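The following pair of complexes shares a single chain, chain A, combined with chain B in the former and chain C in the latter.
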Partner chain A sequence: MALAAIYSLFIINKSGGLIYYKDYGSAGRIDTNDSLRLASLWHSMHAISQQLSPIPGCTGIDLLQAHNFDLHCFQSLTGTKFFVVCETGAQNMETLLKVIYELYTDFVLKNPFYEMEMPIRCELFDLNLAQVIHKYRVALLGR
Partner chain B sequence: MQFFGGGSLTSVAPEVTPSPAAPPGTGTGANAQVLYVFNRNGVCLLYREWHRPLHTLDPTQDHKLMFGLLFSLRSFTAKIDPTTAEKGNLGVPLLPGQGCSFYSFKTNTYKLNFMESPSGIKLILISHPRTGDQRDSLKHIYNLYVEYVVKNPLYAPGTPIK
Partner chain C sequence: MIGVGKAKQYANVLDKPLSRGRQEVSLSAFAFLFSELVQYNQTQVDNIAELERRLEDAGYAVGARVLELLCHREKGNRRETRLLGILSFIHSTVWKVLFGKVADSLEKGTEHEDEYMISEKELLVNRFISVPKDMGAFNCGAFVAGIVKGVLDNAGFPAVVTAHFVPIEGQQRPRTTILIKFAEEVKQVCIV
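Showing the complex of A and B:
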């Protein structure tokens, strides 16, 4: 069953600016301005959720469950956030996010022409990301 | 005015009958940590805490922050919803049923369960991160609210519940 369809991927830098957005088939395509606004909104809400924690040591929202979709978020130690919008009940999204983080470190951070905190324009990253997403989909649909 | 029962809102089967039937699996409610109830305008009608080691802000600011967070989160989920093509703009305040709404979010230290009724009453329950789906518990709490608060002739809507 295609229970793990990924709708979109966002990568946000330390200050909350959107540096990467990829859409994998949501019904309404979000235009650039809206994606920027949503990313900043998410960044602020992630920070606010840490303040509202009843227990010390909160690192922000990991999973947001809504009626039509789930949102998994991963924050690296440097403050870069990776979040993916997927179908409700999707499994293994955390592993996928970690794999994407690895790709980010390999193809974006080690790229000498890439400036920190700027939008990502690295071909190899796009290529490998597409491969990983495709492999992930095939692995789940093939079963 | 004394609230019926007087005890914690998560206790199942209060002494006064009739009460709505508790959903199976609610257990002793030992997991709940904090409960907030807000009305449509952001007035905090009820705040109960059972287990809250850390208080970052004073109560009024805490309530405002919580309400603001939920308000923005609802706009966010309505806009980022991948299953509907027609979405409103980000800044527009949403009506209670409009747009896709979230029902819970989880962090490493807590889980927040949320429910909004059609009249705009928002129920928030903060619990341990590994708690399961609490939508039924929130519905149960909402039913208690309807039974004992709304139907209480001495209760003025929009004021904190006593």
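Showing the complex of A and C:
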């Protein structure tokens, strides 16, 4: 089975601003301005897709499959979006996104020094996120 | 009024035994409440030392009440008169009731006679908190230091209590130490 790698992780707030960006490896790396632009682009596309959908009650794009990568997106009830750019055919990305959401609620939202909708600068979040991603990669490699 | 016998129905609500109450509270609920406490105090002060003092004062009130409650519930209304007694009471009973586990360690200071340290790998109140770099050595554990101070002061062992981060080699996160420095009168009166 092909090794499924995670290229990058984005978190955007409810107004479309990028609050967290992490790349894993040079394949996913883009510079700061590009990442900001991409984030707001994705936010708009996500919103438009809800309008375009022929089925009422659509909650937006969950998965975007391209030739070289997949993009999995998870939107929380408050409109914060977590999306991860990964290799095609990566498994269990939805679970990973839910775990990252849990880390966000724990180490970002319970941090008194974090301002809502601002970029995330929480040491504990970074630490735990790195552990989770590492565990995921090890699990993916082990299969 | 209640007559003799072990009637389950109490005619007078004052005769009902006090319930022990819920033993556990949701950690998330506490974390959010504590986060709000810190944020509220941040708006009221100008500097970090003030913020620590405010958290300590908040903890002091908790400590005073916890001492009364636990003396009644756990120790059958007996008062601690020895230094080591009150310290191990804090280290085990108070910690168990408040945080669900006994503290990691209780040590006597090596440099001064009247210093003791309770240390924890990570204080429960700090579990979700990442202090930004520009706040220096600020520790929300000042709240817990306040609790310890409240217990000690009201038990008759006045002390100055502070919370510190102690970096440990090989570990990313520092340990937390609650430093207890007893006042002069305690040294003279108490036999350790």
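Definition applied: the second predicted complex is superposed on the first by the 139 of 143 C-alpha atoms of A that agree within 3 Å, B and C clash if a C-alpha of one lies under 4 Å from a C-alpha of the other, contacts with A are read in each partner's own complex, and residues count from 1 in each chain.
In this text, contacts are C-beta pairs under 8 Å (C-beta built on N, C-alpha and C of every residue); 3 or more make two chains touch, one makes a residue touch a chain.
It should be emphasised that the depicted structure is a prediction, and the values quoted were computed from it without experimental measurement.
In this overlay on chain A, chain B fits alongside chain C without clashing. Once chain A of one complex is fitted onto chain A of the other, the partner contacts of A:Gln51 are limited to chain B, with no touch recorded for chain C.
Touch counts on chain A: comparing chain C and chain B, the chain ahead is B.
Seen from the Cα centre of chain A, chain B and chain C lie 160° apart once the structures are superposed, a value rounded to the nearest 10. Using the contact criterion defined above for the overlaid structures, shared-chain residue A:Leu124 touches chain C, although it does not reach chain B. Contact with chain B, but none with chain C, is seen for A:Asp62 once the two complexes are overlaid on the shared chain. For the overlaid pair of complexes, the smallest distance between C-alpha atoms of chain B and those of chain C rounds to 30 Å.
Against chain A, the residues of chain C that register as touching in their complex are 28, 31-32, 34-39, 42, 128-132, 135, 140, 172-173.
Looking at the complex, you find that chain A touches chain B at residues 7-8, 25-28, 30, 34, 37-38, 41-42, 44-45, 48-69, 71, 85. Against chain A, in their complex, chain B makes its touches with residues 33-34, 49, 51-54, 56-57, 62, 65-66, 68-69, 72-73, 75-77, 79-87, 90, 100-110, 112, 126. Residue ranges on chain A touching chain C, taken from their complex, read 106-107, 109-113, 121-125, 127.
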